[in-house]
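Quick heads-up: structures coming right below.
Shared chain: chain A. Partners: chain B in the first complex, chain C in the second.
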Partner chain A sequence: MHHVVLDHWSRRHSVIHARDARAKLAVAILLLAAVATVPVRRYVDVAGFSALLAAATGLARLPLLGLAWRAALVLPFSVAFAVMSWLSGDPGRAASLLVKSYVSAFTVVLLLSTTAFPDIARAAEWFRLPRPVILLMQFVYRYLFVISEQAQHMWQASQCRGGARRAGRRRHFRAAAGALSVLFARSYERAEGIQRAMAARGFGGRFVTLSRWRFGWADALFLAVSVMAIAGLRSFEVASWTR
Partner chain B sequence: MDPVIEVRDLRFCYADGAPALDGVDFALMPGETVAVLGPNGSGKTTFALHLIGLLHGEGSISVCGKPVRRENLSFVRRKVGLLFQDADEQLFMPTVLEDVAFGPLNLGLAPEAAGERARAALRRVGMEEAAAKAPYHLSAGEKRRVALAGVLAMDPEVLVLDEPTTFLDPPSERQLVALLRELPQAKLLVTHDVPFARALATRAVFFERGRIVDQGPLEEVARRHGWLTES
Partner chain C sequence: MHIPDGFLSTPVWAALDAGAIVGVSVLSRSAGREVEETRIPLLGVMGAFVFAAQMINFPVGPGTSGHLVGAALLAYTLGPAAASFVMTAILAVQALVFQDGGLLALGANVFNMAFAGVLAAYLPYRLLRGGNTAIFLGASLSVLTSAALAMGELLISGVPIRPSLLMISVSLFVVSALIEGAITLAALRSLRALNPAWVKTPGRFTRVETLAVGSVAIVLAAFGVMLASGMPDGLERLLEDAGVAARAKPIIRAPLADYEAVFLRSEWLKKASAGLAGLALIYTLCLLAGRLLARRGRS
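Right, the complex of A and B next:
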């Protein structure tokens, strides 16, 4: 399960993991903005940001291929939009869309793999993101666990009863569609149970965590170096276009 | 002495119109342990959910003298700790320690105090070693104990335990009985496990089709409904 692995990775120890969540979130947002504003067909520029991300992955002692594979989850969605751009006669934009969305997804996956999700949410709250948005983010993240767990149980139950064997493609599709509806019904039920359990323990719409903010000199250094690296790359790129 | 929980003429129908509770009257005295017995679908869990204000029916419920109403919900949830039937529903934070500290943090405790309270609750259920683990890596019995720690960390005056022995092996069940015996709170045990109930409760109520159809000494109630056979 992809997000379970990310959750596990986010509990590791490294120089990147140890940094304050606010610093990491700020750097991630800055990097996303920098990648998003790279003009179409400037693939080399995106390569600079990719190198930065690879370096951060190395410092975080995380498997580059594992992260790359998980970031690829975004591709089916961006491919759909890229195909539309390509069909409308703009292959450059299509390729740019694919590259940028992949690098952006990698940034998010790296952030999730180096920072516990409640800390990211707390950092978002510190940055004054609207609370309903933060709550929604947290519930979506939590319910991914719920849905994947339910899916795993159903898959095991289906395997125990010889599921996926001897089934024709049509029957298989029908069974999968039926299973999907059951999965969502069961996940809804489970989510309702979790909501009750949260309410029973006094949840009032705000997640409070045990961790305290500790923004030290190392966090300031991380933030400064990252901002300088991103800004440096960006100004180098801008200078190379205008030359 | 005033009851810690008092229920009068409680009625509740689910959204599909199916009646779940049909005029329940009940009182739980301080320090008392009462077993709630009854067949599946008789309304036991629905009754337990009402006691903490998670469902709202007709009739009245009061907890420690205050009616269970929207404006009193935080008071009610501080006073009544509910252990859910399915421990997986109760464990939703990334680590065991954070999960147990979830309640104390919501009570407004500072992170250090909440963490300390959570560690003490984990120690109490013998799960201190698992503090840094992710809840989904625990066995079913361990999850149950961590869920109980989450309830104990709230320091409630009443414990409502919905099928607490589910997934517990016999040694864990004995440990749970020993632990619950030590706790001074009033307890409501919603269970099918008569030996477990017999180890802790003296009084029982028997639910059938959303009503309390019998109550009295546990042995007698269980025997009258064929839940206890002579050996």
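Right, the complex of A and C next:
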């Protein structure tokens, strides 16, 4: 299995990629909060934030369509609830839900495409988010692909043994439960092995990194410009809304 | 049900984010051995297992299949505190990497699935001390609780959902809850056959635990009553909008109609006492059902 495309994008080089992860995380959260607090029927105002995101994607030299496609992963849920709102007689809110959730998802995709996952985790730790959970997240992310690949191998093996031929729903259900428990067993054994290996290397619940945070002038400029742009767009909206 | 960003109103996501951060911090400090930091690699790999397990499809009906959600399975194998931790990490990775749930809405999703979902799965399991009924009931309740909470948060945030659509959603939740119950039960039975040590058999509730669960329930009931007295009942309002309430006639006169004890003067005291009486009634019913199921399980 290939690593997710976000991993490839996050290893590229650009003005945005080079910025400090803490600054990017703070800007992303600020942008998400700004989008989330746009009043319901002012969904067209979100266009300003979309333009900002498109500009940042251009600066990061990332494919706009690729990111847009990736952010569309949020749509199944959003469309379902937008349709429900529309059927309940509120098409304005339906459109707002759709647009806001999509722009928010794009923001997260852009953050992940310009910052490596371990850097985001370190930045979250710097912001004093609970360390054990951040550590756990990194392990989940690291082994996600390993265990998924194992599941895929097991599925392929079952297909080779004639698993495609359905032997009744009940038996198939049981076979799936068996596969799940075998996957659990293999994962658990692997997990214990990894834990022992980590303990042998002196792992005491903290990742030690050689690189240090460097918050330079460019990062400060990026943070200031982004905050001003977001605050400007938001206050423009508020002004036009209260008029 | 992973709520994306843009769906919840600011007070809802902000309050739940703050609550989730406090909850996770408290868990990480007080849970002790179960989530010891040197055990984190093991828990992390088990989190990755849940992702992979979701790739295994279970046939559930003509042309349809379901997959494991995992909160209950983790609670029964790793213990509730560790399961809550692993679920929190899974939800964070899902929000960041797979756009499944929002980043600002992460607190809400953690509260619904990692806290309430795991607790709803574990309590019946603990009360009935393992057994097939407890596993099925716990796993089903876990999904149902998470979905009901998510739906409640969306309604509070002002997402308009007609009563008829709400009923359809609730029926879908019930179906997916039953599927989760069946998958978890089948998987745990198969797991027990492989290695019985992997499935944790819960002991009896200690007095302190009973007291803690009881106090939390009472506090929640009191807060719920305060909230309910402060705002109009969402479901009632929906029914009024649809014109159902005007046509509705009581079939049986309920003993605690409109959650009020008529003999008390103060508004808050009336509602709170009726709420607590309701809680006592539900507790007694659950206790009786538990005893009955446990006896049937032994025979």
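Simple rule for what comes next: the second predicted complex is superposed on the first by the 162 of 243 C-alpha atoms of A that agree within 3 Å, B and C clash if a C-alpha of one lies under 4 Å from a C-alpha of the other, contacts with A are read in each partner's own complex, and residues count from 1 in each chain.
Convention: contacts are C-beta pairs under 8 Å (C-beta built on N, C-alpha and C of every residue); 3 or more make two chains touch, one makes a residue touch a chain.
Small disclaimer: the values here were computed from a predicted structure and weren't measured.
Using the contact criterion defined above for the overlaid structures, shared-chain residue A:235 touches neither chain B nor chain C, since it reaches no partner. Set against each other, chain B and chain C touch different numbers of residues in chain A, with C touching more. Once chain A of one complex is fitted onto chain A of the other, the partner contacts of A:190 extend to both chain B and chain C.
By the touch criterion defined above, A:208 reaches chain B but does not reach chain C. By the touch criterion defined above, A:198 lies against chain B and chain C together after alignment on the C-alpha atoms of chain A. In the superposed model, A:116 lies in contact with chain B only, and not with chain C. Of the two partner chains placed by the overlay, only chain C lies in contact with A:133; chain B stays clear of it. Once the two complexes are overlaid on the shared chain, A:8 sits against chain B while remaining clear of chain C. By the touch criterion defined above, A:159 reaches neither chain B nor chain C.
Overlap of the chain B and chain C interfaces on chain A: residues 4, 117, 142, 190, 194, 198-199, 203-204. Listing the residues of chain A that touch chain B in their complex gives 4, 7-8, 10-11, 116-118, 142, 145, 149, 190, 193-194, 196-204, 208-212.
For chain A in complex with chain C, the residues that touch the partner chain are 4, 6, 28-29, 32-33, 35-37, 40, 70-71, 73-74, 77-78, 81, 84-85, 87-90, 93, 96-97, 99-105, 108-109, 112, 117, 120, 129-133, 135-144, 146-148, 150-152, 155, 166, 169, 172-174, 176-185, 187-188, 190-192, 194-195, 198-199, 203-206. Of all the residues in chain C, the ones that touch chain A in their complex are 1-8, 10, 13, 21, 24-25, 28, 35-49, 51-53, 55-60, 68, 73, 77, 85-86, 88-90, 92-93, 95-100, 102-104, 154, 158-162, 165, 169, 182-183, 186-187, 189-191, 193-195, 198.
Residue ranges on chain B touching chain A, taken from their complex, read 49, 52, 54, 74, 77-78, 81-82, 84, 86, 88-90, 92-95, 97-98, 101-103, 105-107, 111, 114-115, 118, 132, 134, 136, 150-151, 154.
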